[in-house]
Amino acid sequence: MDYSPVLLEIQKEIKPLIGKGKVADYIPALASISPDKFGMAVTTIDGSVYTVGDVSEPFSIQSISKVFTLTLAFKYVGERLWNRVGKEPSGNPFNSLVQLEYENGIPRNPFINAGALVIADTIISNSKNALSTILDFIHSVSGNRQITYDRKISDSEKRYGNRNAALAYFMKSFGNVINQIDQVLDLYFHQCAITMNCIDLSRSFLYLANHGVNPLNDERLITVSESKRISSLMLTCGLYDESGDFAFLAGLPGKSGVGGGIVAIIPGQLSLAVWSPALNRHGNSMAGIKALELFTTKTGISIF
Amino acid sequence: MDYSPVLLEIQKEIKPLIGKGKVADYIPALASISPDKFGMAVTTIDGSVYTVGDVSEPFSIQSISKVFTLTLAFKYVGERLWNRVGKEPSGNPFNSLVQLEYENGIPRNPFINAGALVIADTIISNSKNALSTILDFIHSVSGNRQITYDRKISDSEKRYGNRNAALAYFMKSFGNVINQIDQVLDLYFHQCAITMNCIDLSRSFLYLANHGVNPLNDERLITVSESKRISSLMLTCGLYDESGDFAFLAGLPGKSGVGGGIVAIIPGQLSLAVWSPALNRHGNSMAGIKALELFTTKTGISIF
Amino acid sequence: MDYSPVLLEIQKEIKPLIGKGKVADYIPALASISPDKFGMAVTTIDGSVYTVGDVSEPFSIQSISKVFTLTLAFKYVGERLWNRVGKEPSGNPFNSLVQLEYENGIPRNPFINAGALVIADTIISNSKNALSTILDFIHSVSGNRQITYDRKISDSEKRYGNRNAALAYFMKSFGNVINQIDQVLDLYFHQCAITMNCIDLSRSFLYLANHGVNPLNDERLITVSESKRISSLMLTCGLYDESGDFAFLAGLPGKSGVGGGIVAIIPGQLSLAVWSPALNRHGNSMAGIKALELFTTKTGISIF
Amino acid sequence: MDYSPVLLEIQKEIKPLIGKGKVADYIPALASISPDKFGMAVTTIDGSVYTVGDVSEPFSIQSISKVFTLTLAFKYVGERLWNRVGKEPSGNPFNSLVQLEYENGIPRNPFINAGALVIADTIISNSKNALSTILDFIHSVSGNRQITYDRKISDSEKRYGNRNAALAYFMKSFGNVINQIDQVLDLYFHQCAITMNCIDLSRSFLYLANHGVNPLNDERLITVSESKRISSLMLTCGLYDESGDFAFLAGLPGKSGVGGGIVAIIPGQLSLAVWSPALNRHGNSMAGIKALELFTTKTGISIF
């Protein structure tokens, strides 16, 4: 199927939303991005790529990186991972700290910041050079060896990272962070600062659409079951406190980042990436969410 | 496909778990159920039924009724429903009241008790006899006109229903309960006391597996989109604070009740009901959860 | 000592604050009070009375009644009272429900609404006609047998009392309300609707300033120790979430009500009542707090 | 008055409680203290000292140091201090982090850890060598220039200080910690590690009993009003989540530490220090609390 016409339709319908939200401004390096960008790329399992808009411009993937690091940590320690991080949606962000306290330092899931810090800690414990390991993985799944992080962004994250430091120290007080806090935060700030474009991103999530096998080179990265489970986590927890709403509207496993990117997969078929930097109050790309909802409505594709 | 062999296998493997949990004892009428019961029924869209164990014995459907009432309320008021109830998973139960306070009396989703009370309130506002309306609906989707509620259970629920009364009054203080509290609680306690067996239950959820059309009589009950959206809510919020875990393990939209029943659907294919009264610490049937997980593992069926 | 000059000074200095806050409007019966009223009365242990402003006009005493009911309940059950209600300040009001949940239905102290409901429940269990008992007590300590409640206010409280009903049902779910909810709420709404003027109020708190003995008739109402303990609770918990601030500024045991009244005592010396209906964001009389602070500053009186 | 007989009585009556609680064990340096110690010292404003038990053995003053640092910070910045820290009791400890989040990084009062960290931050901003400043102050009020900190304890505090680090980073994310986190934590861990004996401690709190003037040398350290206000904070917030209970039972401004010390003052008369390392579940000295309650009962002294 040729997805180009539907992408053009979406681009047209989405126009009134472009720039309506608010670009992330918690760090200066992100605040300067133009809110008018919009790009969308679809890659099917057979390798065909369909695009519209600003699909070649790299942007900060931010929390989308948490899917890559979860995949790596899951490979390293398997089901033992779930002793240190939960699988439940987190409820509203207001409760993040009280929940950590109530649940003895075990974050609710790998996609809230606390959970991603535990995942980063796990990767550090299991690899020689954690950042290289993450980048190597992304090079492999995207097929693009140029992908790297933006030092200006990672420096900025660090400078404004007091809340993440608080989470890390708090979990360490429960024994749920093992390595040096500085090392864990450093890895986390670097993974968030990785920049990719829509085409790279849609390609790099194909292994989840393809049940664990990278269709670019037929390499099995994780088991069928692990792939389904990561997809399930994306569906229930992938869009912050808008996860339920997104599942309700789009019905797809997805993961968003405050850089304005969202990736979603349709199991067995394809992977999509959309980018538009202006965010809604939940921290998700305003135009991005609508674009993905339109895609499922127009194509009739849904997992339900 | 003949699902009988897989059901027999599951029955065998599940045996060590039977009776391991704890039968609901918050009301005397439930505490007397034998923990050793186990039944499982599959109904496919074409109407074939496969069963194993205690599938003809009626039990209290409890929170499973919330899917029926959500369907009715959704039909009545459409998207306006979401002004009064959210679509997000609720996080741990500890927070239910503080979240209601923080979010101005709007429950997180229709499947937590507070949400189900708002749904009951909506049905009362939109039907002459709310309880008859619910029973009629169940008669229609199950094809069994004998189904009714157990008065001993509804009386017992009422006697021990102080916490639900607290929720109702609290939401009324925010203006999110419109009818008399007594009327709302009464309806809620009666819907929870409806008794059905596994065969009835699996049949009655076919309309969701069949995208809104009751395959027993080809009647469209809700739109395709509404059906998918209810399924999505079941996946993200259907098993209390174990919803994420269940999605992770079984990958199916499901709904549980403290009577020990769980229903799940496989979109486009079938609906399953399992019953075993002993519950785990989250209030879900211990053997039931395992049985559904085994079903997806053995058949390879999953939405992801 | 003649307190008249200091009261006149205070009246003058307080003028710019009169009417600055917001009259309680959660029930219509209170919303109609003029915000411009101000009265202040001092009664010394020897019975001398000093007044300024609107001291003869009765107003709704609201939560000030909680001191009278605490005194009665303390008399009835003694130290056993503390099995059902705590003695700790409650932190911010946002947490009231979550704290009840966390602490198994035991309110933090007798002056938050949940605590006052438990106190009301205790009085009902220990007296034939609870409302008469409370009124008799007030008649005795004030020396004014005309004091009664305002039916318009008690009716209004009842109509808008959903949040208190929620608290009562919630505590009943923990077994910490014994009598019928309706009966408990009824008593509570009536005690809050009692109307008294500043002179009555200042007189009626003399038994606490006088270590348990009503100086009007030398009757010992409670022991020295009980009197000191009630005073201590007033200091730590008497002004909602402004109790610490009031102790910091005025250094006196006090109790406020949303009717705009505040009573304070100076142990061994006197009792003061002030009334001004416009409230600050904590629900305490704006001019009243300032007046009491000025009184301690100008007289140099303080318990510290 | 000669307080020796009453101290002897107390020592006898307290005996069954000695060692009943649990010595603080969150750091190894404290866990090794013998739980059987008990000492009590009274210093009157005229300089007389009455003692019983282990009054010459120095122990870790821990949170008692927060009164000294509050006094210094209050001197430095005056009422501006209250823009950065509140004056309200904190409710149960469970809520400490959620309250910080709810109240934008402003701790409830200067005696919870978060508040003491803000106070430490304030002293660093206003003095050349903050630790020397604190020690100089203690030397001056105690009249003992030998007092210093125990390096083994401060090192231990630092090693196990992850939760305090979490609080500090969290407040920094709200802009309520200005200096380097390491510097703030370092000062805090050192002030907690200061060791004093009961005689030193009772002497060093005389300036609060004497309304701001050190009676040892007639030096005015703070104004009358500041002294009363610090005393008021001790009464409402000085004993963690047992402050209300202690005010109820003993009716005195006090401050406790997890080293097992408690100091209390009787305004205009005297200052008392008690030490017994075994703690109750609130982190206060079990025998210490009882000893202070007995002191007020036996002498009839109370502020109420």
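So that you can tell them apart, the chains are marked A, B, C and D in the order they are listed, and the count of residues begins at 1 in each.
Everything that follows uses one rule, which is that a contact is a pair of C-beta atoms (placed from the backbone, for glycine too) under 8 Å apart; a residue touches a chain by one contact, two chains touch by 3 or more.
Bear in mind the structure is a predicted one, so any value in this text is a computation, not a measurement.
Chains that count as touching both chain A and chain B, per the definition above, do not exist in this structure.
Taking each chain's centre as the average of its CA atoms, chain A and chain D sit 48 Å apart.
A separation of 55 Å divides the Cα centre of chain A from that of chain C.
Listed for chain B are residues 94-95, 98, 102, each touching two or more other chains.
If you sketch which chains touch which, the chains form one closed loop in which each chain touches exactly two neighbours.
Chain D contributes residues 94-95, 97-98, 101-102, 162-163, 165-170, 172-173, 181 to its touches with chain A in the complex. The part of chain C that touches chain D in the complex is made up of residues 86-92, 94-95, 98-99, 102-103, 108-109, 227-229, 231-233, 235-237, 241-245, 247-249, 251, 253, 267, 302-304.
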